[in-house]
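Read through the structures below before going on.
In the two complexes that follow, subunit A is the common piece, with subunit B as its partner first and subunit C second.
For the complex of A and B:
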């Protein structure tokens, strides 16, 4: 986990430096804020990974002497394929379209979003297609 | 691992809000030194910064209370955890209620000018994040109800993940409050 954190911290460090130079050079707000956001994009997960790597058991992939057998077993629990994220995205699109076309797309969008949320929760509880 | 994924997602959320801030500062720079643009407010009216500040403190206070709830859940003190999460929920709801009141009473609309559009889209998208956090808290309370009755050990990772999200929402509001209220 340390390697991953160094990669992210490098991203944060690089954009923090660029942001600082940019701000001192131009005194321009919009770009500086974007660069500050990019600094946080790298540094927040980076520091979290670093903190996390001290708490977790070392993974086989962190050990140069690990064998293939060390990595055997369950990797994690992952959700199966599902149509509901698509429906949720469709609902979110309709909600956003309400800004342009008025309130009626909001109703359609909220219906789709709620249906998708219910669907995805039940799917993860019961398994299979709902 | 859930918490790790959430933190990566929050990293991308920083970029999302950065885009909004960049739009805000670009449009502000084009209008300077008249910000908000003339005609946004009727003469003698302005944003109620004091009222917004009070509810900003309410939102910021909900972060420590939520964290105390997570720590209580980690130690298995489910009733204390429930009380802390209800406290955070009430504080978050108060913040959102104030925002709804603000929106209702503001003299400008999104279509008034670019300042109006920015104000509503920035505070609205943040409000949406607060709302999602409150929905997540209800889910956590449902989980805790099972723990208090017994039988459900609870998933600490879920509580931690929601707490990271909630701290993020509070942190972003400091920036939004500074931009929308203090720089106006």
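For the complex of A and C:
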């Protein structure tokens, strides 16, 4: 987890520095705010990972000497086939259309989106196909 | 070079039902959450957008082949270059890299069973397809498709100058694809952080995976800005928000700030994946490890970081930006880019280089990208930019760059097509595609540098015979015919590979990263067996005991096997037969 945190901290460090220089030099708001946002985007998760990396044992994927046996066990939960991402995507597309042609597609879109959210939640409980 | 010819029986025992034996055909297309299916969907969809955008480009070149041309109306011409640019940038080069190739390859390269969030991954694809379709829908509206250029500058993009549904469709389409990209970014970063196989440390990841990690982070930096800017633009057009309009106290140039804060990182979101492909391809076909691996990683991170602090080099002529800052930062990008070139050449140096099609495309990338990079450095100098801004010189610059990326994309297609389909593409046709593309790209775009220097503005539908632009434009249009032919030959190649397949085997290129350890195409959840990972080149170490970094060890049966009935939990199942031991590099640990 250490290298992972360094990657993000690099982002934080770089944009902290550049943002500061830019602000002092230009006093321009829009760019400075965006650079500040980028600084946060790197440093907040970066420090969190760093904090964690000191509290945990290296994972098998952090350990250059790890063997495959070290990784045996649960990898994670992976859903199988699911229709719901499609339904949600279709719903979102209809919602987007409503912002162009007016409200009538909004109903269809929201219906599909809500149906998809419900569907996903139930599916996660049941466990879909693999 | 089949590494895994003997499939262990253990997998069948662990799972009573066949994996991937789910729905097939159309139902598979809409329901799959397998990163390989989604990656293929993305690739095919992106290539379709590429062909559409290419057709538009041919129309543009046909229009410009003659002075005072009346082939297209002014208005249609505006639609054409806008949609050409938008399709190419937003719907082809980016998605084919991070949604298509990376989606397919990254989990394989790190030994993962899938992306971290498979359903989110599927959602990304559907949002991308939905967004892409909405953008194209603009052609069917009574008005027109978007016609304000792919950058949609204010105030041209307001509701008075470009009214109608087409531009609105463009805006909402890019909001959808923006979310799609952000989700893909999240997925890539999480997958690379959490799903690496044991022993696959960060500094053993292939450079392609590294670059996709950095691209993922760059997506998270850049896309939210663009997506929110589009929402603001929509509010301006429909709610009279006056954010980008002088009349209500707004600031038009703010749009440029927001757009380019996204836009310049975006060009590296497009470029970094292809740098990664080229790095890996060059190493494989030089039969050497990558020269300067850590330097490469650091260069990638520096390029990404610097690319987010140069956005206003697109705004030099607005007169309201800090010229020295943005000019300096733009020059600095040349340093890590130079490191990359050095390392690419260092990788080939004294290697036994094989000029298969992927390698040719990688070399084509190097040559063409060099032209684009050098002209970029010229443009980063404000005095030069004042003279060339909004001329064909800029068009030539970014087409050199973008065409080099297209070549790198073809390097990737030819390299991984065998993995994705289990079939080889024909070498002869591939080489024809390559030469036509290399010559075509340069015949098309080199004259445009000269046109720019002669003063031909970009985005004009016609010019007069007396301007003296005719000959160079004709050469350029002739070059585009070569490009058209090269893509046509590629399509023939694909058809031939389906019609008369040549089986690829697991590892046709004798390559070194993990995706070549599994079958072509890989099974559901990717691996039945993973070789020990003891260096950056686990498959090479395994296949070339004479060249080993570590004591040679047998690949153990292992892989990702679904646990029992529910089928949503994956176990890394390892069969310890006890007969082989792994020697580690560092014996006292």
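Here, the second predicted complex is superposed on the first by the 120 of 130 C-alpha atoms of A that agree within 3 Å, B and C clash if a C-alpha of one lies under 4 Å from a C-alpha of the other, contacts with A are read in each partner's own complex, and residues count from 1 in each chain.
Rule of thumb we're sticking to: a residue touches a chain if its C-beta (ideal position, glycine included) is under 8 Å from a C-beta of that chain, and two chains touch if they have at least 3 such contacts.
On a predicted model such as this, the values are computed, not experimentally measured, just so you know.
Clashing of subunit B with subunit C is the outcome of superposition onto subunit A.
Judged by the touch definition given at the top, the superposed model places A:15 against subunit C, while subunit B stays out of reach. Using the contact criterion defined above for the overlaid structures, shared-chain residue A:40 touches subunit B, although it does not reach subunit C.
By the touch criterion stated above, A:93 is placed in contact with subunit C alone, subunit B being left untouched.
In the superposition on chain A, A:48 contacts subunit B only, with no contact to subunit C.
Contacts of A:25 after superposition: subunit C is touched, whereas subunit B is not reached.
After overlaying the two complexes on the shared chain, residue contacts for A:84 are found with subunit C alone; subunit B is out of touch.
More residues of subunit A are touched by C (comparison of subunit B with subunit C).
Residue contacts after overlaying the shared chain place A:105 against neither subunit B nor subunit C.
Touch criterion met: A:65 reaches subunit C, while subunit B stays clear of it.
The clashing stretch of subunit B relative to subunit C, chosen from 25-33, 43-51 or 79-87, is 25-33 in the chain A superposition.
Put simply, subunit A uses residues 28, 30-31, 34, 38, 41-42, 76, 99 to touch subunit B in one complex and subunit C in the other. Contact residues of subunit A toward subunit B in the complex are 28-31, 33-34, 36-38, 40-42, 44-45, 48-49, 52, 76, 99. Residue ranges on subunit A touching subunit C, taken from their complex, read 3-4, 7-8, 10-11, 14-15, 18, 21-22, 25-26, 28, 30-31, 34-35, 38, 41-42, 60-86, 88-90, 92-93, 96-97, 99-101, 120, 124, 127-130. If you check the complex, the residues on subunit C that touch subunit A are 17, 19, 22-23, 28, 30-33, 113-114, 116, 118-120, 122-123, 125-127, 129-131, 133-134, 165, 168-169, 172-173, 175-176, 179, 193-204, 213-214, 217, 220-221, 225, 234, 238, 254, 257-258, 261, 301, 305, 308-309, 311-312, 321-322, 325, 329, 524-525, 530, 532, 534, 556, 558, 560, 562-563, 566-574, 576, 582, 584-586, 589.
Residue ranges of subunit B in contact with subunit A, taken from their complex: 1, 3-4, 7-8, 10-12, 14-15, 17-19, 21-26, 28-29, 110.
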